[in-house]
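Next, two complexes with subunit A in common: one pairs it with subunit B, the other with subunit C.
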Partner chain A sequence: MTNRSRSVYARKRSPWRSIGIVMRSVWARGTGKFSLIVLAIWLVVSLVSLFWTPHSLWATDGYHVWSSPSRAHWLGTDGTGADIASWLMAGAGVDLLIAVLTVVVALAIGLLLTACMVARSTVLSRGSVVLIDALISIPTILVALMLAVPFGASVGVIVAACGLSYGLNMARVCRPQALRVANSSFVESARHSGVGAWRVFMRHVVPNIRSVMMVQLSLSAGTAVLAEAGLTYLGVGVPSGVPSWGHSLATSAKFITVYPLTVVWIGGCVTIAVIALNLLGDALRDASDPLTNPALRQVDYGA
Partner chain B sequence: MASSQTLTRYVARRILLLLVALVAVSLVIFLAIRVLPGDVAVVMAGTDASPAQVSALRAQLGLDEPLWRQYVAWIGGVLQGDFGTALVSGQSVAAIVADRASITFPLILAGLMIALALGVPLGCAAAVTTRKRARGIYQAVSIVGGAVPALWAGLLLIMLFGRGTGLVGVFPTQGFPQNGWHSFGAAMLSLVLPAVTVGIVVGASMMRYTRSSLIEVASSDVIAMAMACGMTRTSAMIRVGLRLALPQLVSVIGLTFAEMITGVMVIENLFALPGIGTGLVTDIGNRDLVAVQSELLMLAALFLLIGIVVDVLHKVLDPRLGEDHD
Partner chain C sequence: MTHTNGADHMHATDPNTSDGPHAGPSLDPELNLRLKQPRGGVPGRIVALVVALAVIVSFTLAWMLKPSGAAGGVTRQDSVAIGLNLAPTNLDIRSTAGTALDQLLIGNVYEGLLSRNEQNEAVPGLAKSWDVSADGTQYTFALNTGVKFSNGDAMDADDVVWSINELVKHQYHDANQLKFFKSVSAPDSHTVTITLSQPYAQLPWALTTRAGLVFDKDASYNYRTKAIGTGPYVITSFIPNDSVSLTANKHYWNIVQPQTPHITIKYFTDDNAAVNALSSGSIQVLSPITASLAAPFRDNDHYVVRAGDGTDKYVLAMNNAPGQPTANKDVREAIRYAIDTKQLIAARGGADSALGGPIPSLDPGYEDLTGLYPHDVAKARSLLARAGYTKDHPLKLTLTYSNTYGTEIGNQLRSQLKQANIDLTVHVVEFSTWLQQVYTDKNYQLSLVDHNESHDFASSWANPDYYFNYHNQRVQELTEQALSSTSAEESDKLLAQAARIVSEDAAADWLFNYRITTAMDAGVSGFPTVMNQIHMPLVNVVYVK
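Let's look at the complex of A and B:
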């Protein structure tokens, strides 16, 4: 039985092909196109900043502090005469890292909790619901502060706090759909033909909650970038000296009353990135649902 | 509600759960501060303290006693309403928190009012409109509003309306009057910009929730029935749909309120308001472990309590949730 079922799965599942179809139909939407372009720029800028920035991050110029945008300094300089554009580019990398890591942690925690919630064992299913109910009302910032007391400010604190909160949130949002699938007849028949619980979860439950998950995850990525800005401003996020958008925003915030314009670029940059992430979630949901995207149906039933 | 008995049982179970959760949270807070790296006494005594001074400080803090005894002493005090004495200022933690809450809670309430005044009508309009262009504009408003960092929104408002430097310098941007609410007018004025900042950021999410919960009920038979009885689609959505969406909205408002207690931290910091959030950050910076552990516990208890109130309200407001859903 195992041989046959495996070959059927192997023929039906063509992940690369369906990813291509989904991406193309995201690209076909105006909002999807916008977010893909912004995210591509973000990625390229982050990669470039690893090797090259217009000025060194640590090159300060005491004679040209708070200069306005010019050819030498695209976005002007800050209070120490450091180039704002360079810091923004380097910050893009750190923020991208934070967003990606947060998504990974949230996905792991969310999947684990969802698996527990649909498990047959009542201890697991009851226990996980209770756990989520109890923890969901504790906000991200508080978790980050609790972690920052012993560990100090670090990227890890942001990722852990955001990943935990968004993972809990994802599990709660996914629960109704996951339960519906877990109680369906196709899951029952798979169980009866001897497929293991974890395999059923990955093969049957996860694909059916994928669209809900993707929206949640891309919202999480956006929220993580916002949380980074807030936490870094409070001094419990990215440690000082490490470039990040929150860091740039915080440094310019101190002198807002004297040099207001620098803050416009930095905040605008964060806002556009977060908009792109939020829009990507919606576009992905519509594009990856076989009910709204007919091209995907051929992959599922054909060949 | 099917019967008040089920409700009572539900509340009893949630409160039992709350107690268990509180014990767990208090243990986590306690251990996080004590066990993980960094000797608190060394940090507090400063870099130029002699070993004798450090050990004297440890004895004074009770840090040389076994962990379980420290924990019991702390929790025993908390149960009697004694949250300890802050190490830096020497005041009782309860008094300090009460002082800070008198700034944070008015700020949250004002922010929430602005958020609701902006978000609910906009959300209704976005759900009801049938014109394509209007829908696009509403969507753009909600997406941009949801992506703006609170810090940036505050900074932009300062640039526009801050006294002294703003384009239309009207409102003070830094601090709270020395004698607090005794100078009522000045206190209110200093809360205007922070409250509007909070209101804009939270209002965008209120708008999203209102719109999505209205759209959820839009396709239900209830709306069709109301329209069959002669209501227009718009009035059916507003008068019937909004009532149906109410329980969900109340849940969201409750949870938002809880989240705002720490969520306004950044705003408090920006406008130099000595509220709960700013105070917590200061205490953490000072390594004032007595104040930090009690404040964290109070906040956690408050959040858990709000969680229960929200869930109970949801059940009371939505008569369709008669039986337990577990």
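Let's look at the complex of A and C:
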């Protein structure tokens, strides 16, 4: 880095440059590499499944149910004679959508609640802590069941239930760190310079709780995939006819003693995807924290 | 310390570190300490792997070396454990619906005036014989002598009269089976006379249902937790939704005495748990078992797998109400032509039998109607074209059914109907939702139910108020005549005629006649495999090992 460029960065924030550094250092770790590769495959398969699957999802063949893997059916067929590989591909898309939407909802809810908990108003901060502690005790599955009664089983119900629960969790975990920042002297000085509360929160609090958030959100994404599988297995997840990993699991788990292979495929998909998401969270945290990633300290954020 | 400070600090003191993202650690000792160091944990992992392998190997060896049962002489066991699926929530057979109670109690704990055989016909029970008057309105039953309830009370004609009068008075479950009932009386202590307002050929069969059960007039007990009957077994323990223990009734009156002193019935909601229980030997009989899950037992000499006939009709109900697309007969016929029932049966493991009409082979009035609507997609398409639906303008229908039947069958129907230009939307709902929306409100287009009741033709197809919304004057007349006929033969013939009309009308599609698959230890005999989900007498069950 030359002095000239350094002076440019000194004056300007450089989010793209730091994202590049973070991604490169994630890639440099073994676990990070694994999760980036898995997520890339997941994304590509999901996109492909929108336009093409080896067989139509709706082609069933009652005379060839539970067939073993063959050239025509790479992973064999399920209990209706439909192609397992096609259903897994299409399910990958739906599960990716659920994971992304859950993260977005959890992030929105989590930030809002964190903001409430570190608010200057004692009523708001104390009240929200009590409220969150109370709400956090309601299991995700119960929320999903309650939502599924009026709205029926749908992707929206899973996203809402998971997003709410994980948002609450994130807020609760972020609170100590956020509180420390909110009470720090630089926040105080910003406040005294007349910066608004919301702006202080976004400019000072959020960047400082970013690494905690990242770990929480990547865990949420992983848990959302597991929750989808579990809820669909119970019949309150995605509706019949929507391909998803939970759907594939529910139809094959009944016959695990007779056709164990069908459960292995889907179980492998879910496990690898969830491991990748969880490892990505760890790698991201390490890579994005200037304390643990020296390369990041080369980037000047400016004042 | 803020980020800005840290960065400035480094640039100021050591410019060499700024040559890339892989720059070395900071000069700040505090930061260096917080850097993650790669750990040398390889030996730890190897140890863990070795331990895990050792555990797996030792378990496998232990399992392989396990003594594989006694080889020598077989002995009759004192107890048998039977695995079933649907559990009763209480024991009150008079007012609690559900076939789980019929299965458990009728013929085992309670006995009816008449009993039924494997052909689903009425045979002597507590009554050893019966006569019908010439006009068909008076039935006289001669009771067996020396019959005692399990509490020691003697059973006589007064108990029978009291039981039937209570049934009619409180309209207990199955009271509707006693059609045209007028009165019941006891001319002497071993004779009972039932008088009807008009002839009813199916009265003897009706008395094999809950309507004919005889309870102890003099005993006062909680019917929900206890059961005092004349049957071969008494209930010694009842854990709702889990298990029931039966012990031989020492007062049992019949020459045929219970063969096994103790029978335990375990209820499994999870198929895999049930299968594991059977293979581990904690139960000796499992019924029903999904045909596909039974495959490993079929190949194993230690087990016997049998499929028995039943009266379960998997009906694809089509709402016949005016205004519905399925009110059009062309549409209904097209659906029947479009569905390949043979393929559905094959996918389920091939145990079930084809069913072409509303009456299954074990019920009176059965006729093989499977030839009426063979699988013919071309014909289905042309019928739909006549009704105005084509490939570009497909018929959109919604199928609503309970999640107890699984999602597979819905997917298969959607796939099959798609070939005939029908776009099927499948709603799999909770049973309670189905009950309200489809059964009570009749707000549906297509539905799927396993109608397992026997002798239910009259109450479903000759009843315009039923959720099928099927209203056919001729069918109702024929059914009426059949029920009030004095001759069983003629009654059967009339019912068969009515059933044929219903099937020709394509009032619904009958997908298949579900046959119950039972898997049991090869040492078990005497367990009923026919209709055993509604009638499961255990008196002859023997288990030798």
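Assume the second predicted complex is superposed on the first by the 288 of 303 C-alpha atoms of A that agree within 3 Å, B and C clash if a C-alpha of one lies under 4 Å from a C-alpha of the other, contacts with A are read in each partner's own complex, and residues count from 1 in each chain.
Note that a residue touches a chain if its C-beta (ideal position, glycine included) is under 8 Å from a C-beta of that chain, and two chains touch if they have at least 3 such contacts.
Note that this is a predicted model, so its numbers are computed, not measured.
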item: Subunit C versus subunit B on the shared subunit A, clash or fit after superposition; value: clash
item: Which of subunit B and subunit C A:P290 touches, first, second, both or neither; value: second
item: Which superposed partner A:L179 touches (first subunit B, second subunit C, both, neither); value: neither
item: First, second, both or neither for A:S25, with subunit B first and subunit C second; value: second
item: Touched partner set for A:G235, first subunit B, second subunit C, both or neither; value: both
item: Touching partner for A:A82 - first (subunit B), second (subunit C), both, neither; value: second
item: Subunit B versus subunit C as contact partner of A:A190, first or second or both or neither; value: neither
item: Touching partner for A:V206 - first (subunit B), second (subunit C), both, neither; value: neither
item: Contacts of A:A119 with subunit B and subunit C, given as first, second, both or neither; value: neither
item: Touched partner set for A:I41, first subunit B, second subunit C, both or neither; value: neither
item: Interface residues of subunit A shared between complexes with subunit B and subunit C; value: 235, 250, 253, 256-258
item: Subunit B-facing residues of subunit A, complex; value: 126, 129-130, 133-139, 141-142, 145-151, 222, 226, 229-230, 233-236, 249-250, 253, 256-258, 260, 263-264, 266-267, 270-272, 274-275, 278-279
item: Subunit A to subunit C touching residues, read off their complex; value: 1, 6, 21, 24-25, 28, 58-63, 65-66, 78-82, 152, 186, 235, 239-241, 247, 250-251, 253-259, 286, 290-292, 294-295, 297-303
item: Residue ranges of subunit B touching subunit A (in the complex, touch as defined); value: 17-18, 20-21, 25, 28-29, 32-33, 36-38, 143-144, 146-152, 155-156, 158-159, 162, 164-165, 173, 255, 258-259, 261-263, 265-266, 269-270, 277, 280-281, 284-285, 292, 296, 299-300, 303-304, 306-307, 310-311, 326
item: Sites on subunit C touched by subunit A in the complex; value: 2-4, 6-8, 10-11, 17-26, 31, 34-36, 271-272, 275-276, 290, 292-293, 295-296, 340, 342-347, 403, 406-408, 410-412, 414-416, 418, 425-430
